[in-house]
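Once you've had a glance at the structure underneath, I'll fire off some questions.
Lettered A, B, C and D in written order, each chain numbered from 1.
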Amino acid sequence: MTLKLGMVGGGEGAFIGATHRWASRLDGEWTLVAGALSSDPERAKRSAATLGIAPDRAYEDFGAMALAEAAREDGIDAVAIVTPNHMHFAPAVAFLQAGIHVICDKPLTTSLAEAEELARLVKDTGLVFALTHNYAGYPMVRQAKAMVAEGALGAIRVVNVEYAQDWLSTPLEETGQKQAAWRTDPARSGPAGAVGDIGTHAYQLASFITGLPWEVTAAQVHTFVPGRRLDDNAFVWMAAGDSRGLLWCSQVAPGNENNLRIRVYGEKGGLEWHQEEPNVLWYTPLGEPKRMLTRAGAGAGPAAARVSRIPSGHPEGYLEGFANIYVEAARAIRAHKAGEPVPAEVTFPTVKDGVAGVRFIESVIRLGKR
Amino acid sequence: MTLKLGMVGGGEGAFIGATHRWASRLDGEWTLVAGALSSDPERAKRSAATLGIAPDRAYEDFGAMALAEAAREDGIDAVAIVTPNHMHFAPAVAFLQAGIHVICDKPLTTSLAEAEELARLVKDTGLVFALTHNYAGYPMVRQAKAMVAEGALGAIRVVNVEYAQDWLSTPLEETGQKQAAWRTDPARSGPAGAVGDIGTHAYQLASFITGLPWEVTAAQVHTFVPGRRLDDNAFVWMAAGDSRGLLWCSQVAPGNENNLRIRVYGEKGGLEWHQEEPNVLWYTPLGEPKRMLTRAGAGAGPAAARVSRIPSGHPEGYLEGFANIYVEAARAIRAHKAGEPVPAEVTFPTVKDGVAGVRFIESVIRLGKR
Amino acid sequence: MTLKLGMVGGGEGAFIGATHRWASRLDGEWTLVAGALSSDPERAKRSAATLGIAPDRAYEDFGAMALAEAAREDGIDAVAIVTPNHMHFAPAVAFLQAGIHVICDKPLTTSLAEAEELARLVKDTGLVFALTHNYAGYPMVRQAKAMVAEGALGAIRVVNVEYAQDWLSTPLEETGQKQAAWRTDPARSGPAGAVGDIGTHAYQLASFITGLPWEVTAAQVHTFVPGRRLDDNAFVWMAAGDSRGLLWCSQVAPGNENNLRIRVYGEKGGLEWHQEEPNVLWYTPLGEPKRMLTRAGAGAGPAAARVSRIPSGHPEGYLEGFANIYVEAARAIRAHKAGEPVPAEVTFPTVKDGVAGVRFIESVIRLGKR
Amino acid sequence: MTLKLGMVGGGEGAFIGATHRWASRLDGEWTLVAGALSSDPERAKRSAATLGIAPDRAYEDFGAMALAEAAREDGIDAVAIVTPNHMHFAPAVAFLQAGIHVICDKPLTTSLAEAEELARLVKDTGLVFALTHNYAGYPMVRQAKAMVAEGALGAIRVVNVEYAQDWLSTPLEETGQKQAAWRTDPARSGPAGAVGDIGTHAYQLASFITGLPWEVTAAQVHTFVPGRRLDDNAFVWMAAGDSRGLLWCSQVAPGNENNLRIRVYGEKGGLEWHQEEPNVLWYTPLGEPKRMLTRAGAGAGPAAARVSRIPSGHPEGYLEGFANIYVEAARAIRAHKAGEPVPAEVTFPTVKDGVAGVRFIESVIRLGKR
């Protein structure tokens, strides 16, 4: 039986809502059966109809939805929260309090206080909380994490992670473009622009792969586009023990579409991974030729294999990586329903990553705005 | 409402059946409700249960399935035929005769006579017949086709298409590996090995992009692995008017995972596309710098956009391209159900591509086995 | 002491003459001291002056030069013949008969009869004859040859070599462009255009790396640009024992600058090399991840090292590879002068490669022009 | 007539001396006629003999050489100083004071005071002083500089420059490896390790291309290899007006051979250049597809053309770029000898770049060692 999914946000015209739906559908683990898809009741209703949601489960309000779904015998197993940043906290609280598992977009919240409150609530309820840092779902990111954990690189010396885009090189928000508008609006995006939108992905990726507790040691935050109210570029330095990290995020770098790239260097070897060519992980054991490890190819191990679908050379992409978060969350929720522990190999970003991400944002903004 | 899909073949352990299911699920256009998933009744039943197919729609036999589903009010809209090559023809005939649309894996049949018979039956019934030459579903392949059609390259001079793999470099079929076993068995694969399995994809891709009626003018067919009963490598030359083509397919080329690559050269420019980096199309207008066109990026037009889901830089892969065949077939079937003509922009390989592919196979084998 | 070089051809406006001069100068092994640089006496004199050649060694005629230089005590050690194809044979004969070593551009001659006559003359005189198939000078081509010889690939199954350019996509010869004019003129280029100019390089590269005696088994020769008198594209199939080869050369493929590329597949592994990224050789041992071998890097052995100059990551290019032919020829000539055998590791294309190249041209033209 | 070159340092076993010799020879502009090649008299003599330097011009001491060469009628036109860093200053002073032009390796000196003194001396003498920041000699770096100057990118927002190597990932200096030994020895290398050796190249490249006066605003300097006495990794932030820069240099990053890479982003477009693929410059006009500009190809302008030798697709490499510094210096020196102004297009790093580089080193070390 598929699990039953509800959705908050993601009505007509939303990008990330559609992405969550593709991701949830791909593997046949989830069926979307309920939603509070828009704060505009008409749009909510229309969107629900388009998506095949029954009229009585097309809610105008996420609070009402949480209560109603919790009360139904065939109520949703989990809710996907795909609203702008400022609207993650309240729905998350509502559904957790209603006893419903949560899959939430990132960044977790717009303040650390809220983030920590959510973390407590998750702990108290014992519910599953998955945060869609989807890049952690890519098989070769899993492979990289496994290799670092197994010591293939030895002690980590330097991490260089960057996330560059170019779509905000002009004041796109002034044209009314919806995605640009909320991401550059402090009221909806929170204290950060690029740092929150993509910097947190980069930070989470570095943390996920290395397993290190990176602290921000210095930051510069820039706003290059005149009139923009939030940052569109940032430089960050990080440290974790003797390891040092370099993070750059930018939404004003022409020629970069969605260029998330990480390089990890240790005393015994190096790794490189690039989101735009996600099926490949470059591995250099120190003193040996560079090797191209491919998803499901000869050099990929079980950590990559368990989240791969098709043979190597048949590229899996962004949606497959995103879907892996949904598959892993489903595994955790099924275990929860069965009263069993979540299997050790099930891996997905949780509320803890969310708290770390919000702490990252606050550190960068505090240190960078001098 | 989603369309209702049945499946013939694709039980436990099958690769291509799972692929069809991922592809059909991704966009929420299809629901799998019936199947004759295996010729082994026990396996068929087990597979159906795993896939959430109701027991009364888990058939032991495709013929019974065609009749039963045609008789149901809630019968399937289309059947996906995902069996080995020798088992495409009979089910296709059965479902077409039962008035059910067909989505069939390639190559169409194991003989040209059967292929032509199917083509007649499709014509006579007026039903939709989609052939899953999935590479034609990639957005940048659509973009290439559109550019050629619009004259961006001028008259085509040379096409160089190749499809190289390495997974059959050893006699894998002798180990009992299921995929290798049937592909190298004339009784199930038909008269060709690599030529049928991947050569037909390369041929279809060249035909699809250029719109030219390529004829095979010379061929060499090789079997490098001792004891293998079908070809594992072939060289082919083709002609269409003044255009000349070069096709190479191989399953014994170490270092090639699924290296389908096409280059098209005309009097005014050149194009290159590579399946393992499918979101990119390289375009060189003669005398100008090479340009990297990206799916959903600045250089991609409407032909790519209508089969793209997410922004550029967020890679779509093999399953998304495959899913586009299912989406397009769904559009055609919905039009058929509504008694309307299929919209002009709806594009997918049909039984005609299937006949051309079988003719290609027969030409290559006839010319190559001297 | 540097060796003394003379030059026939290569006056003002010539491309390949300048290339030979850069190549001869780079390593300090050669000094250009004499020349018959042009068939136009004024241009010959001017060119010589520009190049610092003493007036008494600026000849109007290669025959006179051969005699005069042979008679001088400080006469040249070798002559570089850098004229169009039809003017290789006569100078080569003249200098060999005068007892002077020869470094000659390719293809060797415009007919097989001449090529074989030259081969006999080289054998009879015992002089050094180097043919500047310069791509055999690249370190990673040497590495590939060594790996094949050592059995890293096992028995060779398939070679795919291609040499694509785009500079003759239009009738450039009609504009008076000098390089285009002679290359498309049968009187100066011989029976072949692209086949002789670049096809021979591709053929020699395949022969050099694999060590196999490739025979042309089929060919198609095309002239796409209207009015052109020689071929500008060709398809060739080759065989050597159980190995099969695919060669494509084109000068009408927009987007290709000097795209010479070879892939070699054996039962145990595969190699790929691309002239435009010459410091890298891709090696896949069957069943293992692809490895990036780099010139002077961890994966490169002595065959590459002895013709490398600088550390890996510091790219060596076309001129360095060309210079390696000059260095190797110098080693052979020094051995000859010392009455010693040429050291076994000294490797450069000789008159034998020249004969094979002319035989290749004649086979392709004969088989292709049906 | 070629110019006459002397050399200080560069005897047997030296890397950079050989590089200077290849670079000086390539274009036939220079002849090496004198040298103080080693501080060890025997080695100096042997090295000179090997290089064809007359015994009377093989000096034991650079001071004696400066005086003697200045006194000869056929004295050297310029000296190349290719010693370790601490031995740049004294020879430079000696030759400048003797009226001889200088070509000096980088970094200029081991202290800012010395650097500024040299700058004054160059100014006072009016002699040519070329600093071999050789990466400024690459044609596509020239192209990038020209494009920025012409406003193709608009106002510069962000520069990201990195120079990563891996050869010092282990304590190589403890094995006696000569290149590692002096580079990690404060007495010979000066106050910085990686920062001086490669960081200065990265800094100069960013300055050269953008034309901006980058100031270091923050730095972190790391030594990862235990026991090493100088830095082997550094993070640097820079500013110039409203532009911001990111510089990373490392010699402990496994998988990086000589990975110097720069990305320049402006309000109207972006550029990317990578030293290991130096014939290509990637250019994205904002909102248009990325373009691959190639040396001597359609997108390259006169700034690249005047330092290119051979057609596009025929790769020029490190030595050609290095040679361009020698060619440009020769042009300046010939102008000086003729009493004419140096032509405006002649471009090479000078003592000013040297001062800026030493100031960069001192800033990074001061800010980074907290």
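We take it that a contact is a pair of C-beta atoms (placed from the backbone, for glycine too) under 8 Å apart; a residue touches a chain by one contact, two chains touch by 3 or more.
Treat the numbers as computed from the prediction; the structure is a model and nothing was measured.
By the document's definition of touch, common neighbours of chain A and chain B comprise C, D.
In terms of C-beta pairs in contact, the better-connected of the chain pairs A-D and B-D is A-D. For this pair, chain B with chain D, the centres built from the Cα atoms lie 55 Å apart.
Work out the mean CA point of chain A and of chain D, and you get 44 Å between them. Touching of two or more other chains is recorded for residues 256, 283, 290, 294, 297 of chain B.
Every residue of chain D that touches chain A in the complex is listed here, in rising order: 153, 157-158, 160, 162, 166, 169-170, 217-218, 220, 222, 224, 233, 235, 237, 242, 244, 246, 248, 250, 252-256, 263, 265-272, 282-286, 290. The part of chain C that touches chain A in the complex is made up of residues 283, 287-294, 297-299. Residues 1-2, 15, 18-19, 21-22, 25-28, 51-52, 165, 167, 256-259, 275-279, 294, 297, 309-320 of chain B touch chain A in their complex.
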